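Consider the two complexes below, in which chain A is the common component and chain B and chain C are the respective partners.
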Partner chain A sequence: MFTLSRVQFFLFLFIIQTGTVFISFQSRFIMASDHNAWVIFIFAGSLHYVQLLLFEKFHKRFNPGKAVSHLYIAYWIIITISFLSYINYTLSVWIFPHTPQFITMATIVGVSLYANTRRPETIINLPIVIIPLIPIFIVFLFMSLPDLVWTRLFPLDVMEYKPLLKGLFLSQATFIGIEIFLFLRQYVKDDEQVKGKPIFIYQSIWFLFFFTTVIFVLLYFPISGLKFVTEPLLQLLKYQKVTFVERLDMFFLYIWVIWSAITVILYNFMIIHTRKIHFKNTSNRFIILLHLILVVASVYLATKDRVEIVRRAIIYIHIVFSILVPIIVILMDRREKK
Partner chain B sequence: MGIEGNSVIDKKTVKQLFFDSSDLVVTDIDWPTGKGVLCYYSSLADGTEVNKQIDIIQQRASKKIDNWGKTAVSDVMPFSEADLVNSVCDGLSVIIFQQSKVMVTISAQSTIGRTPGEPATEQVIRGPHDGFIERTQQNITLIRQKLSRNDLVVRKFKMGKKTTTEITYLFIDSIADKEVIKLFESRLQDIQEETIMNSGEFEDYLEESIFSPFPQLLTTERPDRVVFNLMEGKIAIFVNNSPSAMIAPVSFFSFFQSPDDFNGRVVVGSFFRLLRVMSLIMAIYLPAFYIAVVGFHSEILPIELSKKVKLAINEIPYRPIFEAIILEIFIELIREASIRLPKPIGQTIGVVGGLIIGDAIVNAGLVSNLMVIVVALTAISSFVIPTVEMNMSIRILRFPFMLAAAMFGFFGMAIGTLILVIHLLTLTSLKQPYFSPFIPLDTSRILHVFLRVPYSKFHKQQKTFTFIGKKKGRKS
Partner chain C sequence: MKKGLLIIIMMLLLGGCWDEAQYKDVTIVPVMGIEKDGEEIKTIFSFPTFENGMINYSTSEGKGFSTWNARYDANQRTMEALNLAHLEVLLVSDNLAKKDIYEPLDMFFRTPKNRITSYIAIIEGDMEQYFNLPEDVNTDVADFYPELLHTAVLYTFVAENTLGETAKILREESMDLSLPYMTLNEKGIPTVEGIALFSNYKFTGKTLRKEESIAANIMKDNLGKHTYLTYKWRQKESPITIEIISVHRKIKITHDKIDLNYVIDIGVDEFPKNGLYKNDMRRETENFLSDEMKRDFNKVIQKTQEAKSDIFGFGRRVHAFHSELWERGDWQETYATFPIEVDVKVRMKRTNILD
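Take a look at the complex of A and B:
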């Protein structure tokens, strides 16, 4: 078993939540919410904070049994496959149009296999690698500041509730992975406080990160043009002119590759670790099999249409596993205790 | 049957015990308390000094002084064959008293050794210019002279039962982590080997990942470096007859610190530390970066530069990876050849190899000018790293990165970096995290990795990999 410091815990959660979605969710979200996107995201951020507070309050009552744990394992496998197929598709569009997809996938999944056969301490410390990459990403992003059209913040239209709800629903993409809070909270050292200021700081960082990307995309691209831009952040960086390189987006793309690969490693760690809790004899054979499944499934799904279908479906599944199932498990635990 | 089973311990039996070696001196000696047999290796003991000491001890015995055999350089112990063999092999002279079944050991070894000069591989501009030699006792003297405190503990451990391999380890009791000392001692006890000839062999027994390219023990020939590390709660280890000390536990960043940093000014020391970090990045990534840019991502270069690169590589018949491998192997050959040859010839090889053959390779069109610049810069960067072992490891690492870049461009480099980081996170040195203070994250120590922090402003006592105690510094 392992223990987590507060920093390790929140960094783990941050990488899981930002993962691969942060370069792509903005297009669909802004198209659905129109100019209201930034207001809706503020509201979504508040919901995220409330969810974190509730998770912190009830985490001790979240004791998933064997069956529920396996449901979560299946859910995380689906999430990982969807991430990988999206990574695969993006890499094939942006960098490797002629390279067989299974080679790029096997490379990324191979790294995960290597990491997941190491000590748990290795993996729980891995998110720290991302820390120096975040400021680089932010600096790259801020280079587009002079090109932003600030009038695109308005007009707001909050009379129609359907687009607002749709926007709110799509903003859930940024919540994916939040349920891991419940699974890992028990490993945080007893003398490290989580509730109160630490949660607020985490929430603020999460919110600022996603909110900045939403604002930049909203102000950079005309909303009507967003339907042609699947990876708005990559496109945004592609148009930036600096003296030392021609294509700034290429550097960002590789930052994203590392970020995504670490997210995949962390999800696989959660799958393996949760299985180990119930099956003490979880062997390397299971770990290898899991990674083989990931390669095959992600290569199969890595086409534009399939990626889109999976990404649409994943938000529904996420709502079930981050809200519905935790509520049921917590309520059942309360009933059993009574 | 051994000598202990014999009723008579005489010259003959002692000679038999040492296989009648020609440098073994065995002689009968008259003693006030009865007859004895003196034996020692003439190659290890100083005969004149032995005679002097025997006279002193004999006088003490005549005067019937209590414990006459015990002086500053001699000791009395019950006779045993194993102790006799060990003592004589260690260079001691032994007088065996058959009647009383005791033996007196006299420590009067001959001192053959070089003077403690500055180690060739760890030269500094400012700071002490002494270095370790092949005699552990003198090496400990060098450390004690610099660190006169009573909690500096020196312990010895003998390998096996039949050999003279001795491991000496030092630590400061009040600073060193007790758990780490315990672990180190248990590892020592676990070594089954009878003879360890050098420190490299001993490293294999101490390290947790022997197949890793990264050294998990810091080897140094500088007493001041050992003292700095002892003051940080580390253990210094000497294998007898080796002129270097091993320091454990260490982190990856320990290998990038030089005594010059501590002796130099704050700004200068910090600048050079940052320069070393940059040189590390260049030594690993520069050739790979070049291969990736030329082979996959030429669109990232500004157009003017891109044109120049294309002109330079147009006439080259080989792919960039082969160009790079040709030149890298060439550089390694020059390095290896210049180490093995006498100094004056070694320098000639450098000139002939670097200038004449290098120029000829470019003129022959085997490699481009740009590749020569890249490989030369990489070589210079790798030599900036102040420890030889890490220097070697980093130089080897650039090859897998070059291959990854040749296969996948920047993607290969990104994946390679991730594998490298995972490997570094997995490594430990005496169970302490190798990538400390980044992992686990300790913000209080990160500054010390990149900068030479002023002693007067901030100086907390380090205990292995954590800080303990109150702040030290100038009285404000």
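Take a look at the complex of A and C:
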């Protein structure tokens, strides 16, 4: 068993939530929300905060049994496969068109396999690797500041509710992983406060991170041009002319791969750890099998069509597991206690 | 077991080798030209060759039904594969730009290895002449065009137009593209003549001359490092050259007109008549320059309206804040006839080291 400090807990959550998603979600989100995207994201941010507050309030009542834990394990496996297939596809398009895809996947998944056969402390401290990369990413992003067109914040049309709902739905991509709060909260040291200011700080960091990326993409690209751009942040950096490196997008892509690989490791940790807790299974055979499945599935799904299908489906599944299932589990726990 | 695991890990580290690209297998293309040849696309590539320890530049031409196809054709006549990862300048002929310009450019944006921060310019006439520089130029194509365009940007003759920026503006309904326009002078030397005006995806065939192009960049508040304007002050029988220090502009859009108010801070770089130590003379000069610049700005507006080319991006503000005006129909059509009033006030901030 392990314990987490407050910082470790929130850093774990931040990497899980940002990981693979942050370079790609903006295109579909902005296309659906039009110029209203920034307003919708402020609303989505408020919902995220409410969800965190509710999770904090009811986390002690969240006691998933074996069946629910099984479901979550399956869900996280799906999430990991979707992330890996997207990473695989993106890498094959941007940097490694000739490298066999299973080699790329085996490399990333291999790191996860190694990390997940070590002590939990190794993995818990892994997100620290990302900390120095975040300011580098932000500095890169701010290089495009002179090219931003502020009039693209308007016109706002909040009367049409369908695009607003669609935008709100697609903004859920940034919420993926929030349910891990419920699973890991119990490991935070008792003497460390989570509710109140710490949650607010986490929420602010999460919001500022995603909101900045939304604003930059919205102000940088004309909306009519976004439908051609699958990874807007990468494209934005590709447009930058700098003297110290030929292709800024490549530099950023490597940062993103490290970020994503750590996210995959953390998800796999959750899968393995939940299995250990609920099924008392500590064998390495499951860990190896899990990683083999990840390699095979992510290679199979790494085509344009399949990646798109998985990306579309994942938000529906996420809503079930981050809202619906927690509500049911918490309500059932209350009923049992009565 | 441990040895086997180590070998597997080391093999995985060789992952990047499949995508290794060696310079000996490719030839870097710094300048490329695309033009229309009948129904086909013709491409010309300038690339370095090494002979007796010297670098010379050769060209290769290709034809095809698309830019890639033409590139592929040209590739069959070069020893190594033509590589656009370090492209510095792309020249597009006016006959091709008058069609949909995005189509021949698509391959630059779709392939991640291509550089999209390269300059792009429109040329008048036959592309081949632009790749055979006269002896007077004394330099290679690969050095000449990047430097020529860089200087043009530095001196505000043109804005810094890259391939990436071009793609972005082409996809925007509320602003039109303007690209450097090059012609050959009487000696056959390529010159930046001004800017080519686009309406939607197409080159309109209308251009702004160099002085008008500088005025347009001042109007956009898109200044290079140096911005000079020279006027003949007939009344004083003297030329006057000024450097623009800064531009403050206010745009007011209503449903029936656009008001453009400019306050422009300048320094005087040439005025043989002298006398700027007198307060009255400085005011008189300011008034003269205000009138001259107002006239120039109006001329630019008139030309862009004739070309139905909103290169200033007024449409962006109209789209953002004036939905009624935006919904009148195609913005380029609205812009062409929309009343625009210009007012310019010049403030002399420096007379340099002479009065």
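Worth a mention:
Everything that follows uses one rule, which is that the second predicted complex is superposed on the first by the 337 of 338 C-alpha atoms of A that agree within 3 Å, B and C clash if a C-alpha of one lies under 4 Å from a C-alpha of the other, contacts with A are read in each partner's own complex, and residues count from 1 in each chain.
In this text, a residue touches a chain if its C-beta (ideal position, glycine included) is under 8 Å from a C-beta of that chain, and two chains touch if they have at least 3 such contacts.
Just so it is clear, the model here is predicted, and its values are computed rather than measured.
By the touch criterion defined above, A:T243 lies against chain B but remains apart from chain C after alignment on the C-alpha atoms of chain A. Contacts of A:W94 after superposition: chain C is touched, whereas chain B is not reached.
Of the two partner chains placed by superposition, only chain C is touched by A:F228; chain B is not.
Once the two complexes are overlaid on the shared chain, A:T107 sits against chain B and chain C alike.
Shared-chain residue A:I262: touches chain B; no touch with chain C. When the shared chain is aligned, no partner comes close enough to touch A:I288: not chain B, not chain C. By the document's definition of touching, of the two partners only chain C reaches A:P155; chain B does not. Shared contact residues on chain A (touching chain B in one structure, chain C in the other): 95-96, 104, 107, 246-247. Residues of chain B touching chain A in their complex: 297, 299-303, 306, 408-411, 413-415, 417-419, 421-422, 425-426, 433, 435, 438-441. Against chain A, in their complex, chain C makes its touches with residues 9, 12-13, 15-19, 85-86, 109, 112, 115-117, 162, 164-165, 167-168, 171-174, 313, 316-317, 319-321, 323.
Chain A meets chain C in the complex at residues 35, 93-100, 103-104, 106-107, 110, 147, 149, 151-155, 221-222, 224-225, 228, 238-241, 246-247, 249. Per the touch definition, chain A reaches chain B in the complex via residues 5, 7-8, 91, 95-96, 104, 107-108, 111, 114-115, 118-119, 121-122, 125-126, 128-129, 243-247, 250-251, 253-254, 257-258, 261-262.
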